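There are two complexes below, and they share subunit A, which is joined by subunit B in the first and by subunit C in the second.
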Partner chain A sequence: MELKIKYLLQIADNAMIIGHRLSEWCGHGPILEQDIAMTNIALDHLGLARNLYQYCARLEGGGKTEDDYPYKRDVRKWRNLLLCEQDNGDFGKTITRQFLYDTFNLQFLTALQDSHDEHLAAIAAKSLKETTYHLQYSGDWMIRLGDGTEESHDRIQKSVNDLWMYADESFLESEADRWALNEKIGVDLNALKLPTQNNRTEILKEATLQIPESGWTQQGGKEGKHSEQLGYILSDLQFLQRAYPNSVW
Partner chain B sequence: MTEEEEIFKILEQVLDPEVPVLTIADLGVLRSVNVSQDEVEVVITPTYTGCPAMDMIEVNIKAVLQENGYQNAIVTRVLAPAWTTDWISEEGRKKLLQYGIAPPQRRGLSSSQGENEIPCPQCTSKNTEMISHFGSTACKALYKCHDCKEPFDYFKCL
Partner chain C sequence: MEAHLEKRFQDKIDQEIKIEPKDWMPEKYRKTLVRQISQHAHSEIVGMLPEGNWITRAPSLKRKLGLLAKVQDEAGHGLYLYAAAETLGVERADLVADLHSGKAKYSSIFNYPTMTWADIGAIGWLVDGAAIMNQVPLCRCSYGPYARAMVRVCKEESFHQRQGFEIMMTLCNGTTEQKEMAQDALNRWWWPSLMMFGPNDDESPNSKQSMAWKIKRFSNDDLRQKFVDVTVEQAKHLGINIPDPDLNWNEETQHYDFGEIDWEEFWNVVKGNGPCNKARLDARNKAHDEGAWVREAAVAYAEKKRKRKEKVA
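Let's look at the complex of A and B:
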């Protein structure tokens, strides 16, 4: 049970944190349409996170609710990928982060539809449909910015270079990943690597962007070892529960 | 009329809060009604995962049933099979068009990638262009018509 919760939280926390990052653009988007697009996508991620937190609360019992997971855990208990928590930077950096995540997430949710846990499979099938739109959005913008002006090209190339060390953490197996695969609940991450990378390469080429050489991969997110970024997110996300514990609407 | 059919009839009063010309049955959100001795169960499914309208729909279902003498209605949410725009009824598609929203292309007929040539709901011209994948809600994209120059919402395929 403990490993199952850890596995579900890995997926839920990715969605929660990347969704939170996107929601930070609310009211700050470069133009209205992009503001709306990013917040709509944020809502999809939040919806996935809620489905999974609700499932965790049901499995754990003992009066837990979906809100306990996002609001009452400190940094070391979070299991999201380091990529998801990276700051928004400029619009190009946000798009690059989303693109790297969407390419992985599309493969991941596709595979997760075959989970022997029926509820998890249903959650995956539901979110997969939306993820197709997410990748269409981030992929299109990679191409527009990469194959755009000299300025947009240089800036998004820098974002690709800067975020590349976070791109492949998703494929590194945690204890929970190995357990879930063994139980046929989870996904074989190794099998996702090639199709994800091919998809990335294809779009980056079309965007006339250089693919950085693969080097050091940052890791630790799935084990609760995070970059400094997550602490700032939580101080914002959890402000109300920290200042006024157990307050409700 | 069976009791289930009566309840379906009553639930025609429950509209989608985002597109208030569609009933939840038109939209395909209402999946089934199960009546047992002392309980009515209404099964609904969300359009989009994070659809914020679901809570309101649930409250409205319970309220409408209570007005009609069903005190113990419960609302169950299911995720599988996942909702698809193909479940929007013919009636629903007509209502969408009249409301000024282009109804979704049939999933079977179009590739998910190329949602092109969406007819303008104002002037029926196919000379239209997508402005943004994401419109005023997650389920809609924003288009403009090159002929009548009007912007319009398109209900995306899912």
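Let's look at the complex of A and C:
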């Protein structure tokens, strides 16, 4: 049970944190239409997170609620990938982060549809439809910015280079990943690596961008070892729940 | 000729036939609409900022999703309204430039700060509530594209109003601190909300022509009165007090009497001296300026793509 919750939280926390990051754009986007589109995507991620936290609360019982997970855990208990918590930077950095995540997530959710946990499989199937659109969005913008102006090309190339060390953490197996694969609840992350990387290569090529040489991969998110950024996200996210404990909102 | 056209135009309006973009219209009618619709659009966009301020700090998943979706709706309203304005022969980019330079106005209510979470409830309840009072009659506005845009907008605004009231209700049913937070928000947002209906009727010289053209259907004071009557009852339901010692039910008029609005404050904020006028415009300009390279890239890419297609063909 403990490992199952850990496994679900890995997925939920990714969605929660990347959705939170995207929601920071709302009202500040470069184009009104893109503001709306990014908020749509943020809503999808946060909706997925909520579904999964609800599921965790139901499994754990004991009066747990969906809000206990995002609002009452400190940094070390979060299991999201380091990629998801990286700051928005400029629009190009946000798009690059989303693109790296979406390419992984598409493969991941496709495989997760076959989970022997029927509830999880159903959640994955619903999210997969959304993720297909997310990748369309981030992929199109990678190409537009990469093959746009000289300035946009340089900016997005820099973002690709800067975020590359977070690109492959998703494929490293945690204890929960191994357990879930064994129980046929989870997916084989190793099998996702090649299709994800092919997908990335194809789009980066079309975007006329250089693929960085694979180097060191930052890791630790799944085990609760985070960058300094997550603490600041949580101090915003959890402010009211911490300042006024035991209140209904 | 002009007099004949003008008579036909007014006849149509009197018969409640909608004016459409290609129809003849007096220049002043067109200008009035461009000003009103663009100000309305700007208000939707600037209005995203005070509420957006709490998206990352919303206290639960439900509230975070609700607020995010609400602020997104406002962006959508801005889009429909800019599109409606464009049917009158103006360009969105020019209208937006006027907003950013400070030339165009937007609703002054958004120049007040959102300090606590209860402000999000109060804005939904009072500001969206006042907006609905103003906007429901606009669904029957004589100009077709504006009227149709307002039908969509109003549906969403009434959802926002209910969501805001529900946030207030939850706070009022909560701890002492939460209820104090709700009362404090009402204290700060009440008078600015009444100001949203604009100057008193005898101070509002353009209203008469707008009424004749059926751009406006009710006077500022009538709408304000309606808002007060409805909202006082809702405040009672919440168990919090309207911050107006002169508020009294008047048996004779069957309306609430209420105190004098501080018009000096109103004009002061309109002139740019509100607590957040500068912050709002700075935020809009920052988003626009920092987005310039993205917009340029999108144009450049579209151009390249078009040329490549031509080559192939």
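Everything that follows uses one rule, which is that the second predicted complex is superposed on the first by the 249 of 249 C-alpha atoms of A that agree within 3 Å, B and C clash if a C-alpha of one lies under 4 Å from a C-alpha of the other, contacts with A are read in each partner's own complex, and residues count from 1 in each chain.
Here is the rule we use: contacts are C-beta pairs under 8 Å (C-beta built on N, C-alpha and C of every residue); 3 or more make two chains touch, one makes a residue touch a chain.
Predicted, not measured: the structure shown is a model, and the values here were computed from it.
> Looking at the overlay, what does A:R144 touch: subunit B (first), subunit C (second), both, or neither?
second
> After the superposition on A, what does A:L43 contact: first (subunit B), second (subunit C), both or neither?
both
> Going by the contact rule set out at the top, does A:M1 touch subunit B (first), subunit C (second), both, or neither?
A:M1 sits against neither subunit B nor subunit C.
> Of the partners subunit B and subunit C, which touch A:E33 in the superposed model: first, second, both, neither?
both
> Between subunit B and subunit C, pick out the one touching the greater number of residues of subunit A.
C
> Does the superposition put A:E24 against subunit B (first), subunit C (second), both, or neither?
Only subunit C is touched by A:E24; subunit B is not.
> Examine A:S127 and indicate which partner it touches, taking first as subunit B and second as subunit C; both and neither are also allowed.
After superposing on A, A:S127 lies in contact with subunit B but is clear of subunit C.
> Which subunit A residues come up in both lists, the one for subunit B and the one for subunit C?
After superposing on chain A, subunit A residues 33-34, 36, 40, 43, 46-47, 50 contact both subunit B and subunit C.
> Where on subunit A does subunit C make contact in their complex?
Its residues touching subunit C are 20, 23-24, 26-36, 39-40, 42-43, 46-47, 49-50, 53, 66-67, 70-71, 90-92, 143-145, 147-149, 151-152, 155, 233, 236-237, 239-241, 244, 246-249.
> With touch defined as at the start, can you tell me which subunit C residues reach subunit A in the complex?
So the residues of subunit C in touch with subunit A come to 45, 48-49, 52, 55-61, 63-65, 68-69, 71-72, 75-76, 78-79, 82, 117, 170, 173-175, 177-178, 283, 286-288, 290-298, 300-301, 304.
> With touch defined as at the start, can you tell me which subunit A residues reach subunit B in the complex?
Touch residues, subunit A against subunit B: 33-34, 36-37, 40-41, 43-48, 50-51, 118-119, 121-123, 125-127, 129-130, 132-133, 136-137, 140.
> Using the touch rule from the top, collect the residues of subunit B that touch subunit A in their complex.
Residues 46, 48-52, 78-83, 112-113, 131-138, 142, 156, 158.
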